[in-house]
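What follows are several structures.
One chain, subunit A, appears in both complexes that follow, with subunit B as partner in the first and subunit C in the second.
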Partner chain A sequence: MDLQSLKRKEHQKRVKKGFMWALFCAVLWGLWYLPGTAVWVLNPFDQMYSEVAASSGDGVALVIVAVLITALNAATVILALGVWTGVLGKFGEMKRTAKEFHPCSKWFFLASIFGGPMAILGSFIAMGFVGGAFAAVAALMYPVVGAILASKWYGEKVTKRAFIGIIVIILGGITIFGGGVLSEIGSGNVLWVGYLGGLMAATGWGIEGAIAGKGLDIAEPDVGLTLRFIGEGLIWWIIAIPMLAIAGFPMIKYAILAFEPLTLMVLIFAGITFGFCYVSWYKSFPLIGVGRGQGIGNLYGLFAVIFIFLFFGDVPSWTILVGGALCLIGSTVMFSEDTGEMESLRGD
Partner chain B sequence: MVQTQAAMDAYNAYWANSPLPAADVLWMVVILIFAILALWQARTFVSEF
Partner chain C sequence: MAGNRPVKFRILELCGSGKWNYEIVEQIQKEYDDLKGDFHRDSINFDIIELASGGMLEDVEVKVDEEGIYKKGFLLHKYVLTDFGRIRAADACLMYV
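Let's turn to the complex of A and B:
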């Protein structure tokens, strides 16, 4: 076998692994919806919602409870990523990357700002002020933002075929949640801040992907992602939670009350799925590019529907089945792309 | 804080209509399987590249 064939074989293997990691991301993200949904009915969050809603209204209560759940989720994600990094024996690498702030870790801390408070909070605002289906559709748009930014910023190549795949997956996602969006928007009295939340989610995750793609030029994805979540944890626990507590919301009281066995167990499973899905997402970027990684990652909408049917017994409607079929077509378009097209992910 | 009866009822109601047996436990098993699979693949990936 000559050097050229060896190089091609190695490249094909990398692309295959890249799609595998993006698929892991989609499956684990879909699974996250099980603990991510169930945790809301458990105490102390149920009681916190009632207390905040009584004084500030339902919309504000939803966002405030969401901030606490997200902050606790970030904490359990850090624990899960600690296990991940430990099993891979990369604590030393993490120390080295963290020390190199200027070339390395600054990208991951920047990614944590866009992915954490901007995207996740934006998604919860959209959920609280418009509805869950609208928030999901808004979030599905992020690969377009990510692919455009990565292409303009550092010349990442997005082939016509990959772009068609991304668009078909997005259309599939819109079909999955479309009926819900129409009824949510049609119900009237939607505050503009809800739409702003949707915009924050799409742009936040898109920008995070592009920034991560840049940081991953010189850092390991496993380590980079762990640093990104440490950054997000600091933002929630050092800035957001204390600020909301000063503003008069019962954040500290309910954060302490969250130390209850069932609540903690559900949060830990949310942390495992979210942390492992995110690290798989980051691992796919250097192998297949930000646009493709985010496009395949978007299959989470389909997997969420499947797992919700399997475990909650919610039977999907026909629009969900059509949307699911579109998602499968879109991903097949991307999977079946000639790997030679991805020989160089950058436009050189 | 101990879970109230209402919170436990709402939590158990999620798994009550699942077509799968013991769905209230099975979802955790499925997550653990996928998590272990991902970790194993990550270990393999480290040794391959």
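Let's turn to the complex of A and C:
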């Protein structure tokens, strides 16, 4: 076989694999909203909610329960990724990477602050109070935050095409948030905390993406992602949970009560889907380019809405469907521009 | 010398003046005791591809592996560090920069 046809073959193989990983990421990410929504009605979390609500009110109870759920989610993600890096034989590389504080672990830890207490906590809050479909679709606004930060921090130019994409996504965001809030103003009961959670998810993931890239591009992604979640685990289990326990909330009691077969199974399902959606996301980047990887990854919003409909029978309101469609169109416009990597992969 | 810094750091160091992927993989496997075997060989090669797609390495030459130095019948790639790769390597405090 000659050089040209071999080049073509290698390129096609990479692109095929890359699309597979990106699609895998979207499906897993969408699936994550199933356990994330279901866990709220399971024991001990609904019990915990009523106990805290009785003494401190609904709003506080919501956040406190969301903290415990997010902390347990971080723990099961660490477990899933720990098994993954172990099977791949990358513990040695993990030690070498963790020691590089200045170029690597510093960024992973910073990323975990925005990813964990902001994005994932916000997602759980939104799932608990507004619904899984809303939480999933609201987070679709994260590329806007990412693009703004990249232009502020790294002086990246926002092209005309990216700007159009941003406008479309923002219109989608207004539809999603505005539609929900308006219909609830009508019924006289607005769940502001839930909507705040949706905003936290979009902002947090946007910031996390901009920061994590700095450390991840010179580290092994499998290893880097595991370290990022270990960072998040430390924040929850060394800082947040003990502090809330000292403040008098029943954190420890309910954390132990979570060791119940059904609850544990749902939490582990959340850990596996969330952990591996990150892994497959990063695997897709070198094969098809970051832009395409993120664009396809964003189909998670669509998958989440479909899965929630299939498993819970919830039909989302039309504002979520229209807004979600706008966000998907916008992110496709934004990401499809980035063909640089594709060219260099083609090698001609 | 046993490798004690992350693999990608070492790859960036090795590519300063251009190197073939099989040379890089061979060198890394010699230096790192925990990365022997075919599985790690492919995994190190994927690290190189990742660095190239991140714009830190550039693919400057391609040839067919006729004799099976790396994988018979597949392509061999020669990579060289880019300017961006030099900046990122400097962030990681690599020596030669």
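Here is the rule we go by: the second predicted complex is superposed on the first by the 209 of 348 C-alpha atoms of A that agree within 3 Å, B and C clash if a C-alpha of one lies under 4 Å from a C-alpha of the other, contacts with A are read in each partner's own complex, and residues count from 1 in each chain.
The rule is short, and it goes like this: a residue touches a chain if its C-beta (ideal position, glycine included) is under 8 Å from a C-beta of that chain, and two chains touch if they have at least 3 such contacts.
It should be emphasised that the depicted structure is a prediction, and the values quoted were computed from it without experimental measurement.
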| item | value |
| --- | --- |
| Partner chain(s) touched by A:262 [first = subunit B, second = subunit C, both, neither] | first |
| Partner chain in contact with A:96 - subunit B first, subunit C second, else both or neither | second |
| First (subunit B), second (subunit C), both or neither touched by A:286 | second |
| Greater subunit A contact set [subunit C / subunit B] | B |
| Touched partner set for A:65, first subunit B, second subunit C, both or neither | neither |
| Contacts of A:3 with subunit B and subunit C, given as first, second, both or neither | second |
| Subunit B versus subunit C as contact partner of A:227, first or second or both or neither | neither |
| First (subunit B), second (subunit C), both or neither touched by A:34 | first |
| Partner chain in contact with A:218 - subunit B first, subunit C second, else both or neither | second |
| Partner chain(s) touched by A:104 [first = subunit B, second = subunit C, both, neither] | second |
| Doubly contacted subunit A residues - partners subunit C and subunit B | 14, 88 |
| Sites on subunit C touched by subunit A in the complex | 3-9, 12, 32, 34-35, 39-40, 43, 46-47, 49-56, 58-59, 62-64, 73-75, 88-89, 91-93 |
| Residues of subunit B defined as touching subunit A within the complex | 1-4, 6-7, 10-11, 14-20, 23, 26-28, 30-32, 34-35, 37-39, 41-43, 45-46, 48-49 |
| Parts of subunit A lying in touch with subunit C, wherever the complex brings them together | 1, 3, 6-7, 10, 14, 88-89, 92-93, 96-97, 100, 102-104, 217-221, 223, 285-287, 289-290, 340-341, 344-345, 347 |
| Subunit A residues touching subunit B - in the complex, by the definition given at the top | 13-14, 17, 20, 24, 27-28, 31, 34-35, 37-38, 41-44, 46-47, 84, 87-88, 222, 257, 260, 262-263, 269, 272-273, 276, 279-280, 283, 307, 309-314 |
